Each structure stands twice: as C-alpha cells, then as structure tokens.
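First chain written, first letter: the chains are A, B and C, and each begins at residue 1.
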Amino acid sequence: MNALTLWFHKLGSPPYFYRFAGRLLPWLYGVSLLVASVGLYFGLVRAPADYLQGESVRILYIHVPCAWMSLFGYLTMAGAGFIAVVWRIKLAELIAMACAPVGAAFTFVTLVTGSLWGRPTWGTYWVWDARLTSELVLLFLYFGVIGLYRAFDDPRRGARAACLLALIGVVNLPIVHYSVEWWNTLHQGQSVRLMGESSMHSSMLVPLLMMALATHVYFFASVFARARVALLEQEGGKEWVRELARAGASA
Amino acid sequence: MTPGAPATAFVALLRRDLLVFWRHRSDALNPLVFALIVVTMFPLALGPEANELAPIAGGVTWVTVVLASLLSLDALFRSDAEDGSLDLLVASGQPLALLAAARLLAHWLGTGLPLVLAGPLLAALLGLPRDAVVTLGFALALGTPLLSLLGGTCAALTVGLRRSGILLSLLVLPLTLPVLIFGSGAVEAAVSGAAVQAPLLFLAAGLVLALPLAPLACAAAIRLNVS
Amino acid sequence: MSEDVPNEVPLLAARALSFARGDEVIFGPLDFTLASRETLVMEGGNGAGKTTLIRVLAGLLAPGSGSIEWRGEPLSTLDPDPGRIALLGHQLALKSDLTARENLKFRIALQGMRAGITIAAAIKSVGLAGYDDAAVRTLSAGQRKRTALAALLLSPALVWLLDEPYANLDRDGQVLVDRMLEAHASRGGATVLTSHGLVQPALSRHRTHVLGVGG
C-alpha cells in the first residue's frame, strides 16, 4: 500500500483526524483571512466601478464567490455522503453533515447579497430569476438535509439518511436549475443577467479569484472545525477523548 | 408464477398493497376531497371572475395535485414498519428494489391515478380551455408517477421517525419542483398555442430516469431504517 | 448431537460474531455452529441481545465484527436466496386488514412454499380452522401468533430463526411450537430460537446457549 493510501486510511481514524485538522485549522483560517483581506481591498477599493451599475457592482466580490461555494459545498457534501453511505465511514458522515450548515450559510449569503445587489440594479429586492429561484431551492435542499439529520435519535443513522437525501438532491440539482431556467424563458421578458459577459478585466478578475480562493479555504476550515466538535461529541466515551480532557485539564 | 420468484413476489406485494388499500377505500377519497377543497379556495380568495381564474387554472391544479399526493406519503411505509412487514421484506432475500418498486407503484395506483383523472376536471372547473385540459391529463399521467417515486423514496427515509409529517413535506417539495415546472409549463404552452412536446418530453425523460433509480434509493433507505 | 454426522458442513455458523450500538457491546464475540436437525436455544434476560442476534442472523443488521457462514461460505459472498431462512420476529409481519389466508398467500408468493403442504393443511395444523377468513385485526394475540406459525409451516426454508416463539401462546400453543420444531428437525431443518428461559422447549434434543457480553 503506497504512502498516500496509507495516509488516507489513517485520516479516517478519529483521533488522527482530530489532531491533523487541529494543526491545520489556524493555517486555514489565517490564509483565508489574509487572502480575503487582500482580495477585498483590491475589489472594494482598487478595482474600477462599473460604468452602468456604479459602486454597487462591488457586491459581486462577495456574492459570486459565495454562490460558487454554495454549489461546491453541496457537491462536497454529496461526495462525502456517497463515501458514508457506501462504506459507512464515520468520519465521512461527520464531514458530510458539517458541510450542510456551512453550505447553507453560503447559500443564504448569496441570496441576501444578491437581493441587496438587485435593489439598485433592478429596482427590486427579489425577482423570480432562474438563478435566484434555483439558489433558493438549493437552500431548501440544504434545510432538508439538516432537518433530516437532526430528526434522528441515533446520529449515525441520521447522518446516513441525510447523506442519502443529499445524493438524491445532487441528482436533482442540475434538473432543478435547468427546469427553472426553462421556466424563466417560458415566462418571457426576463431581466438583466447577474453576471457581466464572460470576458472580465483583470482588475476585476484578480480580486474575484482571490475571494474565491479565500472562501474555499474558509469552507474547509469551517467544515473541519465543525467535524472536530462533532467527533468529540460522538466519541465522548472513548479513551482518546478522555486523554484529551485530562491533558486539557492539567494544562 | 412460481412462488418465491422475484416476479411473483413483485406481483404479490402489489396485490397485497392494493388489497389493503381497498379495505380502506374510503380513505382513498381523502386526497381527492383535499384537492377539490383547495381548488375551491382559489375562486373564494381571488373572486369568481372567469378571466382571472382561467390563466392560473393550470398552475393551481398542479400545485393542488402535488400537495394532495403528499397526504398519503407519510403512511406509505409506516404500517409496514410497525407490524414487522418491513423486516420481512428486507429479510426475504428478494431484491429489495423490486419490492420497493411494487410499493411505489401501488402508491401511484391508489393516489396518483385518481388525481390524473380528477385533475383535468378540477382545472375545467377553474375555466381551463378544452385543449389545455387534455394536455393537463397527459402531463399528470407523466408527472404523478414521478411524484410517487420521489415522495415514496423520501417516505422511506423518514419511516422510523415520530412526527415526521411536516419534515417529509419539507424534504419532498423541493425535489418535486421540476415536475411542477414542466407540468404546468406544458399546460401554459397548450393555452398559448406553443409546442407542448418539449415540457412533456422533459417529464417523460425524468420519469425514465427515476423509474430505475428511485426504487434503488428507496431500497437503500428502507435498509437503513430497518437496521 | 452433531456427532451423528461428524463431517457434515453446518448449515449456519457464527464466527466471533459481535454487535455494538455506539460504545455499548450488545453481545459477542459469539461462536456457534448449527447443523441440520439441530435446535439451538439462545437464552438471556431482557437486554441480553436476543432480538438483536436474530436480526443479525437474518441479515437485517450488519454485525459489528465477525462473520456468518452458510454451509461454510461467508453469507456476505452469497447471492440472496428467498428460501434460505424463515424469520419469525417479535412483530409477526401480518397485515391486520387482511385475513389469515390472504396473509399466508402473500408469504408463499414472497418466499416460496414447502412441497407437500397446503394452506388449508397449515391452518388446520395450527388450530385456526374456521378463523382463516377473518381479518387478522379481529384475532386474539394467540391466534395471530398461530397464523405466523402457519406461515412458518408453509416456508421451504431449512433454517428457522425464531424470536421468542412461545410468547403469547397458551399451553396448547407451546406444545404446538414444540411439535413444529420436532417435525422441522426430522425433515432435516435447523432452528435458532430465543427464550427468556421460563419456557423450556420439550424437545428430544436441543442445545442451550446463554447470550450476553463475551459470547
């Protein structure tokens, strides 16, 4: 077995993951904070304002990365969920369940920032645009996964049920998105597209990509932090947790 | 049919479910009465003007059908979980996805099919034009099996939970939105004279996709809740 | 006991079988073999894991560790076979709105029927003659148990897994179960049954194992 496979196996062991993630966390938070600061500086201060929308276009430096993360979060959740359902690996269950609230939060921020952006741009806080509607449905899917998980007394069974639901949802996700887009074109007269055309000037693209990087790193930091806490809760009776508690008490 | 063969088991489970359903056939009316009441609420709320009701008739009927099909979902696996039948099915050695498919089919025959027949009548009550009513019938025939497949799978996920009624609705409704969109889209197309094939084909494609996949997911959910 | 046929591969074997819920070990590690014509009684008090063991053997629960073998092959590698085991659980898997006869017809279609017996004969054997067309809802607990026993009689399975088969039965019912177990063994079948220990099977031969943590 080569070193990488061996390391993955080790990673599945709760105490190893706890320590590994614990050492990684400060770096993850640090990097994301740093990159976000630089990205926001370039985006909010240095990048040019839009000739049509003016300063309000700057919301895109938060809105777009969060939108990307809302989808990335769901895919990560579904991926970990697949591992959890097929191989019943406890850590995969915890990671999948940790992705849900983080992904939901990113979705919520996407919707709110999108709504705030809509006000100056379209004159209204909400339209039933294909993107907004399917993003809202994504939020519902997240809520469903979280709700199902919390409804079970047995957290492991709840996690696997929620992972199965997440997998059903991931199949549905492109269908929902596509069907809403189709519905929009059916009810013609649709408004301005949220994103500008694909060719974006580097002065805008660079801060955007920096924010994308920052949010990705933050996502993993947040998921790891949540997974660690859930791990402690569920492994509470085990020896390694008790040792940690003793070490913490004597520190 | 040889006893113990998968096909025999499928037919036997289907017959058993329909028989149980028939013994409670007065309950079978519930989704229909619900649909009728909900449809009645719209003219009461919006005023009985025909030109105000007719444009929304297709959409209102679809929303009503989706909500009505939710009603019988919670009970779908509950009685089997309570009397040990679910254990029997899982331990039987028969392909569980096949048995799940029988259950989902029984649900559609008991709840979906009546709605396929009643839906066009309700839409006509709201003033939907004749051609659109026919299209609505086709769309319901394609969409209601999808609702049973998706809803039944979610019902299998929540079977062990107490008070799962509302949660089940929250899980199922987002997944049914494409059915709603394409189903009412077909009706809108019929009303406005556009091509109805596209949305109907999308529904058909969704059905073709869900027919093999949903029973598999449903079986996985049943196994999960039995263990 | 199994010395009669020393080289026969046991129908069912458990190797280091254990089950835990979270941190709590329910039973195990457990080792046993079950050969043809044997009846194994798993005894234990409440919470000893008797029902859990039956569910693990029936394939409803995955064991925490260890394996189950069917005729020497690990069960997990075999294709599922409807006629392999018959399960009689705590809950009887009877639809209360259907009659006993309708329930039995369903069971036969689901898992096959043993040769040489009919539904009418099975109903008569368990003492339900005349009650076969009443909805199960209207039957007493003892009569429902007898209906489930009729399903067992009709099953072609060689191995019976019975969880508290004597529960809800009067003296006649318990004698019925004993007779069924004897007949099943004489046909070459084998049984694992659980019991509180209050009712001892009156069989010509059976083995008893006390279940708990550690085996």
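Keep in mind that, in the parts below, a residue touches a chain if its C-beta (ideal position, glycine included) is under 8 Å from a C-beta of that chain, and two chains touch if they have at least 3 such contacts.
These figures come from a predicted structure and were not determined experimentally.
Central chain assignment: B. Criterion: smallest distance from chain C-alpha mean to the mean of all protein C-alpha atoms. Farthest from subunit A, judged by the mean position of CA atoms in each chain, is C.
Two chain pairs, B-C and A-B, are compared here, and B-C has more C-beta pairs in contact (counted per touch definition above). Spacing of subunit A relative to subunit C, judged by their CA centroids, is 49 angstrom. Averaged C-alpha coordinates put the centre of subunit B at 37 Å from the centre of subunit C. In this assembly, the C-alpha centroid of subunit A lies 32 Å from the C-alpha centroid of subunit B. Counting only residues that touch two or more partner chains, subunit B has 227. In subunit C, no position touches at least two other chains. Those residues of subunit B lying in contact with subunit C across their complex are 1-4, 8-9, 11-13, 15-16, 19-20, 23-24, 79, 82-85, 87-95, 226-227.
By the touch rule above, subunit C contacts subunit B in their complex via residues 55, 58-62, 80-85, 87, 89-98, 102, 105-106, 108-113, 135, 156. Within the complex, the subunit A residues that touch subunit B are 85, 137, 140-141, 143-144, 147-148, 151-152, 157, 160-161, 164-165, 167-169, 171-172, 175-176, 179-180, 182-183, 186.
Subunit B meets subunit A in the complex at residues 150, 153-154, 157-158, 160-161, 164, 167, 170-171, 173-175, 177-178, 181-182, 185, 188-189, 199, 202, 206, 213, 217, 220-221, 224-225, 227.
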